[in-house]
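First comes the structure, then the notes that go with it.
By letter and in written order, the chains are A, B, C, D and E; residue numbering begins at 1 in each of them.
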Amino acid sequence: MSVSAPTTDFDLLPFAGEHHEELPFIRKYIFSTDHKVIARQFLFLSLFFLVVGGLLAAMIRWQLGFPGQPMPGGDVLPDTMAPGGIILPEFYNALVTMHATFMIFFAIMPLLVGVFGNLLIPLQVGAPDMAFPRLNMASFWLAVPAGVLMLASFAVEGGASGAGWTAYAPLSASGEWTGVYLGQQLWLASLFILGFSSIAGSVNYVTTVINMRAPGLTWLRLPLATWALFITAWLILLAMPILAGALIMLLFDQTIGTAFFRPEVGGEPLLWQHLFWYFGHPEVYILIVPAMGIASEVVSNGSRKPVFGYHSMVLAICGIAFLGWIVWGHHMFMSGMNPMLGTTFMVTTMLIAVPSAIKVFNWLGTMWKGNIHLHTPFLHGAGFVSLFIIGGLSGVFMAATPVDIQIHDTYFIVAHIHYVLFGGSLLAIFAGITFWYPKFFGRIMNEFWGKVHFVLTFILYNVVFFPMHSLGVQGMMRRLYDPYQYEIFADMLPLNRFISIALFALVVVQVIFALNFILSLRSEKVGPNPWKANSLEWAVPSPPPHGNFQHMPVVYRGPYEYSLPGAEEDYILQTEPDEEAEPAERSVEPATR
Amino acid sequence: MSLDKHTHPPYMTIWAVLAVLMFGKVAVGLSDLPQAVAVSILVVISLLSAGLVALYYMHLRFETKLLWALAFLPFPLVAILILTVIQEW
Amino acid sequence: MESHAAAVGLPGRQPEIALEGVYTKKLGMWIFLLSEVMFFTSLIGAYVILRFANPEHFASPGEVLNVPLTAINTFVLICSSVSMVKAFAALQNGDQKGLQLWLLVTIVLGSAFVGVQIYEYIQLAAHEGFVPSADLYAAHGGPLYGSTFYVMTGFHGTHVTLGVLALIFVLMQARKGAYTPQNLGGVEIVGLYWHFVDLVWIVLFTIVYLI
Amino acid sequence: MNWLLPPSYSTFGPDIDRMYYIILVITGVIFVVTEVLLVYFLIKYRKREGHKAEYIEGSTKAEIIWTAVPAVIVVAIGLMSAGLWADIKDPSRFPAGSYELILNGRQFEWEATYAGADGVLETADDFTLLNQINVPVDRPVTVHLRAEDVLHSFFLPDMRVKQDAVPGMSIPVWFEATTPGEYTIGCAELCGLGHYTMNGLLVVQTEPEFEQWESEQQVAALEALERESPLPGATASVPDAANTARTSGGATEE
Amino acid sequence: MARYERVLRVLAPAVLLAVVGCGGGGGDAAGGGGGGDAAPAEMPFDVATAGNITGSVTFEGTPPPPEVLDMTSEADCAATYTGDPEVSWVDVGGGGLADVFVYVREGLEGMSFPVPGQAVVIDQQGCQYRPLVAGVQVGQSVAFRNSDGLLHNINASPTANRPFNVSQPVNMDTEREFAAPEVMIPIQCDVHGWMAGYIGVVTHPYHTVSGGSGAFDLSQLPPGEYVIEAWHARLGTLEQTVTVTTGQTAEVTFNFTDAMLSSAGTPTDGPHDHRTMARVGGVAE
C-alpha cells in the first residue's frame, strides 16, 4: 500500500497568497466553489424560507385566534385553500405541516449547518476552503430544487401534504385518507433531495475538520462552534440516510402502492414512526447543537472570559451525540409501542437532560466574574441561554411517561418545541448572523437597532409561547383546526386570540432585523476583528479573500484566551505565538499534535 | 505498519475463500436445516466474508486505528435500531 | 515517519495529516460510505422487522426467488471485486496497461451483474406475479415480500450501475494517463466504493435469498 | 392562565397529577435559580472602566457537582414514574374483573361496541354506539382500542387516559372512573381534515343506571336482530374481524 | 479526474429520484380522460327531427323500511327532523320508485353535445345529501352546497376520474367538474358516516333522476335506436332498448322488484359500512 500520500490533494486548494486567476461572474457568484460564497447563498435561501415559514405560522395563528373568520388578505388564496379568505380544514393541516417542514428543513437546519458550517469551518480550521469544493457547491445546488419542489406542492391538485411534518403512516401513505396525492409525493421527493444536500455537506465538514486543520490546531484548541458543527455533521451523516430510506419506502407506498406502511395490505404503521424518530431525535439535536456552539462563542466573547470548562463543554456535545441515538422512543410513548420499551426510553431520555444541564451551567460559569459587554450578539446569546433553560426543563415533564400521558400531542409540546427551536436556535442564529456579519459582508450591523430588535423579540416571544404551556396543561390538543368544537376548550378562545395578536406583533418586529440586515450591507466597512475575538476567522480581513489565509496559519493557543493575566489587550488571536517560545519553534516544524 | 509498495495482500486466495464461503452459504440456505441454525450459520459466514472484503480489499487492515474506529462507527447504531424495534412484535 | 512536509518538499506548506496515509479524498469516501451503510440499514432494517412482524408474507429460500441464478450472479460480483483490486495493484506497480485491462474487466463484470438482475426482475414480475405493488401482487406469500425485495435489491442495483458509470469515467481518465503510482486517488476511491457495494450485496444476498 | 391540571376523575389520575406537581416544583426551583443567577451575573459583571474579567478556565469540582446533581434528580424522577407507567400501560398488570368494550376509531367518529345479551364481545347480538361511551362508575373498564383507517388517539382528559389507536392492532386501555358525570372524548392524533370534530361523550353512570341502560340497549339490539334476520344475507353490524389481528403488549384477546 | 466523478455520484441519485418523482406524479393522474376537447356550441343534429322518451319506474313487493340514522352526536342536524332522522333508499312514497338514475347508455357514440352552463346542485341539508342521486354531463360543474353551517367534507372516490376530498366548515358552495364519464361516483362525508350519495357522469344531456312518482322524460333526442339504463342504489340496474322517431314520444317503463334487493351489487348493511358500500358503489358503466 502506498507509503507517501499522493501530492494531488494539497495543490488542489491554493491559499490566498499563492495564486490568482479572476473567475467569470457565473463561476464567482452563481456556481462558485468558494465556501464563503456558498455560505452567503445558503443564507439568502434559508432566510427566504424563514419568511415563508413565518407567514404560514401567522395564518395558523389567525385560524386559532379568529376561527372561521375570513383572513385579511386571504382572498388572494385560491378557493381550494381559503374560499372567501376562510381557511379550510385541509388547508389548515397543510399549513401546520408545511410551517414545520419549511422551518425545520429549509430554515433552521440550513441556517445553522449550511450557513455557519460553510462559513466557519474552513476559517476556524485554518484551511483555504472545504475539502471538496465542488461537492460543497453541489450541496447548495441540491437544496434549491428541494425547496422549489416543496413550494410547488402548494400549487398541485389536492394541495400540499396535510399529514404533519412527521408524516405518520397510514395517513401519509395513501391519498385516500386526505385527498392529497401529488402534494404528499412532492413533499417526500423534496426531502429526499434535501437529504443528499445535507449528506454532501456533512461529508465535506467532517473531512475538512479531520484532515485540514492548520498545524498546531489540536482537537482541544478547536473553537466550540467548529466542535458543534463537526459533531452535528456526524449526526447528519448517520441520521439523514435513515430518513432517506424511510422516505423512499413511503414514496413507493404513495406512488406504486407498495405495502410498507399500509396496514390494509400488511404493512406496519409503527415501523414508519420508529424509522422516522430514529432519524428524528438526532435531527432535533442537529437543530440545537450548532446553536449551542454559536452561543458558547458569543457568550465567551461578550464576557471577555474563557468558556467555563471547555473540556466538559466538548464532552457534553459528544455526550448529546451518543445519547441522541438511544432516546427516540420518547416521541412514541403513546403510539402503541410496547410499554416496557417506554420505560427504557424514559431512563435514557432522563440521562440526556444531563449534558444540556452541564452546558447551561457552563454558560453561566462563563458569565460569572466576566467583564460583560452587552453587545447584540451577546444579548441574543444570553437570550438563548435563558430560553433554552425553559425549553430544557419543560422537556423533563415529557420525559416522565405518566405526565406525558396528559400532555402528549397537546400545546405543552408545541411550547417545548418553540422554546428550544425559536427561543434556542433562532436566537442563536440572530446572534451568529450579527456576530459574523463582518465575515459575510465586510460590514457591521447597527448595534442600536440590533438591541431594539432583541428586546422586542424577547418580550413578544415569551408573551406568545409561555401561555402555550398553560393551554397544554388544560389538555388542548395540537393540530386542531377549530379547538372550540370541544366545550372544555371553548373558554380558551380569548387566550388563543391574545396569543395570535402577540404573534402578529412578533412577526412585524422581525422587520427591524430584516431592515438592519439589508441596510447594513451599505454601512461602513470594518477591520478584521471588530469584536476583538481570538479564533482564526478574525485573523483574516473582512470579508476574507478567496483562499482565506495569505499563508498556512500556525496556531499556538486555545480560542478563548480572553483577559490573559498580564496581557494589555483582553483578547489574543490564536495565531499569536507565545513570547517565550524560541524562534525555531515558530518556523516550519508544526506544533505537537 | 504499512507494507512495502510492491507486495500486496494475497488477493487471489481471498477471492477463493470468498467464493467457497458464498457457495457454502447457498448450500446451507437451500438445505432444510432448522431455521434458527441455518440463519445463525448464514449470518456468521456473511459477516466473515464481509470482514474479509473490508479488511483486505478495502485495505482497512493497513489504515490507521482512527479509520478502523470510523469504519465500525455505524454498526452499533444499526444494532440499536433493529434490536429495539424488533421487540415490538 | 518523516513529517509529511519534507516528503512533499514544498516550502512553507506543512499540511497536518491527522490520519497518516489517509489523504482527504479517501477519508471523504470512507465517510460517504458510512452514510451509505446507514441508508441500507434503513432499507434492510425495515425488511428484517417486517419479516419478523409478518412472517407469513415471505417464502422460504428458493420457493419464489431463483437462488442458483443469483448465486452465480453473486460470484460474478465477487470476481469484479477481485478485478478491481488487481487494477489497483497494477496501478501501484505503475503498470498502466494492467490498470486499464483490469478496469475493463471490472466494468464488464459489473454490467453483467446488473444485466442478470434485470433479467431476474423480468422473470419474477412477468411469470410469477412477484411485483412491488401490493394490489397486483400474485406470488406466494404477501405483498411485503415484493415491496421489500424490489426496494432493497433495486437500490443496490442502482448503486452498482452508478459504480459502473464511475468506473467507465475512471477508465477514460486512465487512458489519458491521469493516474500514476503517486496519484492513485481516483482509482482507490472508486475501488473503495465498489468493494462497499459488493459487501452490501454479500449481506443482502444472504438475508433475502438464503433465509 | 392556569398552571394547575384540570381535576381528574379516575383512580390513577391523582398519581399522575402528583408526578406533574413534583416535576413542576423541581423544575420551577431550578428555573428560578438559574434565571435569577443569569440576570444577577449580567448586572454584577457588566462592563465597567478599568475592570478586567478574571481568567478562569473552569473547575472540575463544579463540573462534577453539576453533572451528578442533575443526573440524580432526573433518574429519581424516572424511577418514581416507572412504576406508575407500568400500572397504567402494562396489560399484565390490569385490574381483574373489568368491564370490556371495543372502541373503533375511524375517520372522524368513535364507534363503541358493547357485548350483547350473551355477554360475549364480537357476537351477533352486540350493540354499538356512535361517539358515545357509557361506563359504570367505580369499576375498572378495559377498552380494546382499534382503528379502521388511519391513526387516531383515544384521549380522555378528565380520566388522564391517552392511547393511540393503530389500524391492524387492538390495544387494551384501562381506567376506573370515580365520579358519575359526562366527560369529553377527544382525538389527539392528526387523522385528516375532520380531526377536530372527533369529540365524543363519555357518560359515567352509577351501577343501577348503567345496568338499566345496558339492558335497554341489549333488548333493542335483539329486536333489531329479529327484524333483520328474515331478510337473507343481512347480518347485524359486526365489526369485521380484520381489526382484531393482534394486541399490543401481549395481553390475550378475550 | 476523480473530482467530476464525485459530483456525478452525488447528482446521479438525484436524477434517478427525479425520474421516480415524475413517474409517481403520473401515477395518480390516471383519470382526467376525454374532457379535454372543447364542447361544440350547438346540437350536433337538426333539432327539428328530434323525438322524446318518457316513462316511469315502478316497484313491486314490500320495500325495506327507511334506515334510522343515529345523529345523537350531531345535535344541530338531528334538530331538523321531527321524528327520528332517517333515509329511505327505496322511496316508493309518491307512487313510483324515486331516486332512479335513467340515462342513454348506448346509441349516442361519437356525438359531442354542448355542456350546459348551469351547475347541478347537491345540497347537504339536515346532514343528508339532497338529492341522494344526481346526474351531470362531462365538463358540467356540480355545486356541493353546505346548508347545515357545520363541517361537511365531500369525499368522492371515483375510479375513472381523479378522486378528491374537500371540506366545507361553514355555509358555502364548492364546485367540481368531472372529466370522464362514470356511472356512478360514490360520495360520502367522513364527518357523518351515514351520509352517502351518488353522481352519474355521462357524455350527453340525456340523463335524469326519477321523482317521487317514478316518472321521467328524456327530450330532444336525435332519431335512432338507444339502450336506456335505469340505475338504483339498492336495486341494481335494468335496461331497455327503444327506438326514437322524429316527432314521436316513445314510452318506457322499468319494473324493480323487492327480489332485486338482495341480488343487487350494493350491500344493504347499515350506515357505518358506507366505506365498503362506496367501494362497491353502483354498477361500473
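One rule holds for everything that comes next: contacts are C-beta pairs under 8 Å (C-beta built on N, C-alpha and C of every residue); 3 or more make two chains touch, one makes a residue touch a chain.
Treat the numbers as computed from the prediction; the structure is a model and nothing was measured.
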item: Contacts common to chain C and chain E (chain labels); value: A
item: Fewest touching-chain hops separating chain C from chain D; value: 2
item: From chain E, the most remote chain by mean C-alpha position; value: B
item: Chains most often in contact, by C-beta pairs; value: A-D
item: Per-chain CA centroid nearest to the all-protein CA mean; value: A
item: Chain A and chain C, separation of their C-alpha mean positions in angstrom; value: 33
item: Whole-Å gap separating chain A and chain B, where each centre is the average of the chain's CA atoms; value: 37
item: Averaged-CA centre spacing for the pair chain D and chain B, given as whole angstrom; value: 46
item: Euclidean distance of C-alpha centroids - chain B vs chain E, Å; value: 61
item: Residue list for chain B, restricted to those that touch at least two other chains; value: 2, 5, 62, 73-74, 77, 81, 85, 88-89
item: Numbers and ranges of chain D residues touching at least 2 other chains; value: 107, 149, 192-194, 197, 248
item: Overlap residues in chain C, where contacts from two or more other chains coincide; value: 18-22, 25, 27-28, 31, 34, 37-38, 41, 45, 49, 53, 92, 181, 185
item: Contacting residues of chain A [partner chain C, same complex]; value: 1-10, 131-132, 135, 199, 202-204, 206-207, 210-215, 217, 237-246, 248-249, 252, 256-260, 262, 265-268, 271, 274-275, 551-552, 588-590, 593
item: Footprint of chain B on chain A - complex, ascending; value: 1-3, 238, 242, 268, 270-271, 274, 278, 325-326, 329, 337-338, 340-341
item: Residues of chain C touching chain B in the complex; value: 18-22, 27, 30-31, 34, 37-38, 41, 45, 48-49, 52-53, 61-62, 67-68, 71, 74-75, 78-79, 81-82, 84-86, 89, 92-93, 181, 191-192, 195-196, 198-199, 202-203, 205-207, 209-211
item: Residues of chain B touching chain A in the complex; value: 2-3, 5, 59, 62, 73-74, 77, 80-81, 84-85, 87-89
item: List of chain B residues in touch with chain C within their complex; value: 2, 5-6, 8, 11-12, 14-15, 18-19, 22-23, 25-26, 28-30, 35, 38-39, 42-43, 45-46, 49-50, 53-54, 57-58, 62-64, 66-67, 70-71, 73-75, 77-78, 81-82, 85-86, 88-89
